[in-house]
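In the two complexes that follow, chain A is the common piece, with chain B as its partner first and chain C second.
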Partner chain A sequence: MSRSPLNDYRTRIAAALEGGSRFGGLHASGGTVRTALVAPSGAIQFESAPVVDGRVTSIVDLAPAANWDEREAFDSYGVRFDGHEPLRPLVDHDLDLVSWTVPVRGPDAYQVAVGPIHAGVIESGHFRFHVVGDLILHLDARLFYKHRGLERAAEGHTLAEGLAYAGRACAACAVTNTVAYAQACEQVLALHPTAEVARARTILLELERLWNHLNDIAAVCAGVGLAAGNMRFAALTERARQLNAQLTGHRFLFGSVEVGGNRVAFDATAARAELAEIRAESESAWRELLFNASFSDRLPDIGVVSLEDAVTFGAVGPAARASGLAEDARATSNLLAYDGFTAIVPHRAAGDVQARLEQHALEVQQTFDLLASLLDAPVVAASCEPAGNGRAIGAARVESPRGATLCIVESTNGRVDRVRLRTGSYANWPVVAHAAAGCLLPDFPLINKSFELCYACADR
Partner chain B sequence: MSALSIAVQLAGGIVLAPLLPGLIQHWKARLQGRRGPTPLQPYRELRRLWGKSSVEVEGTGIVYRLAPSVTAASLVLAILLVPVAAHAPALGVGRDVLALLGVLALGRFAVASASWDTGSGFALMGASRDLTIAVFTDATFVLAVAVAALVAHTTNLASMIAGTAGTAVWSNPALGLAAAAFALVVVAETGRQPVDNPDTHLELTMIHEGPLLEYAGRDLAFLQWSAAARHWIVLVLAAQIFLPHATSVWAQLAVLPFALAVLCGGLALVETTNAKMRILLAPRLLAVGAAAALLGIVSWLVQVS
Partner chain C sequence: MLTLLKDLRRLRRQLDLPAPDHARSLAVRHVDAGSCNGCEHELTLASGPHYDLARFGFAVVASPRHADVLLVTGTVTTRMHAPLLAAYNAMPEPRRVVAFGDCALGCGVLGLASELAGPVEDVLPVDLRVPGCPPTPAAIAAALVELVG
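== the complex of A and B ==
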């Protein structure tokens, strides 16, 4: 009995998932579909299947987290997935409502459409709530409104030039995206980051996490209309960004990462002092938040993501850890300076808004600790060192403020053939939609803000 | 004297009302460590909106078109009903507090029907929440003023101001309990936190702002003025009936601006330090007010008998 290569592809993925690996991402490249699987050790393994007559077997039944990836591969690369029915459009918007929403029928069920233009200054996203009264039955989220074709645009450029495309994918995760891209390129180029390069990148990543997490706590306050908490943490966020500007010349740390080395250099003393002040201030602001009963009343049992759902939907980052999934790409990143790092989860890992907020607060402390120990010496420019042999495909997984971001770079002759950036936000968006079901409409902004995902990460 | 009281009533209700939400906004910003807009910002908003054309929503009829004017008219009527001091002559519409409730409900009804006319999701959501909470607000409103009416032996607002004046009535806890209930009515009627958040841009959480999303230009100016006028009406009632006030009409008029400022400050403080509550808990909060007012009624009746 002969087995077709397609079945092999499914069998190997099923075996890897059985063995404790998690789905990392799926993309179409040339005539192939590649699935990245992440082992508990952090090692990334690829399983590929050839596209035959424009079709490949779906793995969405094995790994539901591949749902968006397969839909994107069809919309952007025309690959059909056998067994993925219905294959609803994701990136392609030029279709009627019935084709992309899940049918919800029953007495009194109706739809509430929100966005893509919102009353506030928010990125473009369309949310279609299927509700009865104020109760959400199901949420269909439609993002990808400002698709920029960054991945396609990067193709044909040199690996160094390609960095700009990864860096502009999203402002909130600019460092994560560029570090992941740089690491993937360095695997292709047979370069290994020296301790100095790793340390500089780790500092930049943690600075990025700091302002993002402070901003996310402010966002939760805004979600319940607690102006005092919102303003306090918004001010701290801005202070952290201004520190970024002092250190690297850009509030969002743009242009601070490069392929093959580190160019950013600064004296760490002033940064340490400023960080200590931000830490003291944020700790006192957090204590005040805990004392506000009207605030803490709003948080529990809203937007619950169970541990099982977090695993099934492929949740990553603080959202996954708040559900009790102690997984953090920082713990397994041997290319960065996270020695001895262990993932933390909140004491009450209920997967609700309260747990996610607590997780953010815990991680802010962790980040302050990391920065305090990393900033013990000036940051200096350094280069990577040659190591081993180059590869055709480089893949790196870096923990962004919103979860693990996977960057895959396929290259020949030093040029980008294909780059895929699958960010933490991209992984978590389906989880947000799932968390909203069963909650009340007026609580959705709060649920959304407890994840605080980027839309731009989808609009690549 | 009564001429002055009528002048304050009309000028205050119609012209000065937007200053009240303006003051709250201004102080809220200060409490958050921001400079914020001037208290005159609502007037600038109204001037800006007045110069803009209204928007006609496709498929809507006369209900949508008339709602802003009906709302504004009902609020003008409400201003005519609510005296700012005791012994003010009625302006042809009487002084009855129950009539006031009906007139305020008319404005709410006009906006809710307009939402139904547009069929917009946000407008309908806001209107349905508003009407749901209004059931509880109105009940608490009635019970709170019932205490004052018992104390004053009348539902005539001018006589109620006279009847609750001085310090003697405060020896019974009735009026204090009614004041606590009315404080919650003020928060709900003005659409402020913890019941509603007037500053929010989050459409899904809106209550009072939801139906307004469908309006622009002069129509919106009418509705925003109406919201400000609602502040005036409930805050004047709060100041002249449910806060200790003098028996002399001169003193009542002289203290009114300060009382209004204190109440606005209180609202700003509550709104800054409190998160918006879960929407299903808002009726419970108002029920607490209703219970307090009921206790007030009991405590007054027990004393009288």
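== the complex of A and C ==
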């Protein structure tokens, strides 16, 4: 007697999770729902279920990290998920408050609405805090104000043209998103990056990570209100972006990644000298922060994400590592030049604002080390080499400054049928909402800054 | 702290911006109408130590009610259309609108037509256009210094 395919889908996912795989993403595509599972080796396995009468069985009980993915699949592709109740709207905005917020009732409970326009130079997004006095009981985050429909807009274009859509999703993660897209396309096209291509891409990824780490440390200083620290790291961020412009012609490295090879070429000597200066300066700036008691007293024990919660909610990147989850897509990226890389966690992996800040300081050192060893020779243009057979679906996972980003490309006849970009920010936004609960409302800006997630690459 | 001040002095000597004129000032409200976050990152650094727009009398204010200038980044998404209009309508007159960055100007915009309301000039009267993807802090400084006249 054969089992129903739907049950098989759940059984196989449960078995993979049991075997140590982690949920990587879920998307709807042409009458099918596909779940990506990431093995400890970094290998990506897909489990698919057909959509029958507009329905598929939910896996949110097996993998709570699939919560947003299933809601998005319903809002954008009309797939209902049996067992996911209530299936609250996520991307969809044409609904009233009651439909998308979690009911919070009790004496003196009320709501504070913030955004979509924020008080500073910040991206647009809406937060609805359920509070009693200053205490946050629950946070409903409604993003997707910046939803541009980039994934759908890429459909029908050639694989090379589709790169621009992945790049436009987000400036802060532009290299990561385009490298993940390019790697996924190369699997479709039966191409393998040569050592030169892998090295060039790794350098670009680390240059992107460098300015982001410096920016994120500045952001935490701003969150505390320490102008001196904020300005010092802002100046370093500026220098890192100037270096990007000097090397590639663009401060955010736009246009530096392509499908099927690398055409960025530069001499690394000047970059090495400038990086050494930025490193020395950032170490001095960091030491100054450590000796600022009023700053460091502000950081511990707020916005706590326990290791267990980080695993449950599918946290990724520096935020997950700050909770003690030693996972980093760089350690398993065999298409990039990260040989021997191991994930690090802070000494005090408490999962609070302090741990996340310390994680940035640790990882920026890693990035300086990587760049120093990778920039030992000029970067030259190179092409990928043919390898094996093409596939209908390519999938690549690349560590962005916010965490692992998964890009899936489904293709026939060299055109994009479906592209799915599940970024580190997308994975971590539910974690921010969780971290805010139990904290004070005035602490939220600091908690949010300690994650410093992009809205743009979640909204797409 | 001393290192920071020394750095600032050195950085500013390298820049070719006119001397600050404290007689004038503009209060700026920024609205992200659907950007890729690049314009925001560059705007943030325009207020950083290299360019320090505050010394030319620019202040980013928290409320549109305090603002002279509405600085809009990104192409306007359907979801940000109403919040953008609400911010504009809350501003006192006289007011100016800056379309900031290529997306806001409608250049090379990517996305689904059904999700986009159009470039800023389809939604609001635009007084100043700052091109760039994204505009560099130096370009931002030059454009805004011109606006303050």
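Quick note on the criterion: the second predicted complex is superposed on the first by the 458 of 460 C-alpha atoms of A that agree within 3 Å, B and C clash if a C-alpha of one lies under 4 Å from a C-alpha of the other, contacts with A are read in each partner's own complex, and residues count from 1 in each chain.
Throughout what follows, a residue touches a chain if its C-beta (ideal position, glycine included) is under 8 Å from a C-beta of that chain, and two chains touch if they have at least 3 such contacts.
These figures come from a predicted structure and were not determined experimentally.
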| item | value |
| --- | --- |
| Touched partner set for A:M231, first chain B, second chain C, both or neither | both |
| Touched partner set for A:G120, first chain B, second chain C, both or neither | both |
| Which of chain B and chain C A:D134 touches, first, second, both or neither | first |
| Touched partner set for A:A456, first chain B, second chain C, both or neither | second |
| Partner chain in contact with A:D96 - chain B first, chain C second, else both or neither | neither |
| Touching partner for A:A164 - first (chain B), second (chain C), both, neither | second |
| Partner chain(s) touched by A:L441 [first = chain B, second = chain C, both, neither] | first |
| Which superposed partner A:D339 touches (first chain B, second chain C, both, neither) | neither |
| Which superposed partner A:D53 touches (first chain B, second chain C, both, neither) | neither |
| Larger contact residue set on chain A - chain B or chain C | C |
| Chain A positions touched by chain B in one structure and by chain C in the second | 119-120, 228, 231, 235 |
| Of all residues in chain A, those that touch chain C in their complex | 93, 116-117, 119-124, 144-150, 152-153, 164-165, 168-172, 174, 215, 228, 231-232, 234-235, 237-238, 241, 245, 251-252, 254, 284, 288, 454-457 |
| Of all residues in chain A, those that touch chain B in their complex | 111-114, 118-120, 133-134, 221, 223-228, 231, 235, 292, 294-295, 297-298, 440-445 |
| Sites on chain C touched by chain A in the complex | 1, 3-4, 7-8, 11, 30-45, 47-50, 60, 62-63, 74-75, 77, 79-80, 83, 87, 110-112, 114-116, 133-134, 136-137 |
| Parts of chain B lying in touch with chain A, wherever the complex brings them together | 28, 31-34, 121-122, 125, 128-129, 193-194, 197, 199-205, 213, 271-280 |
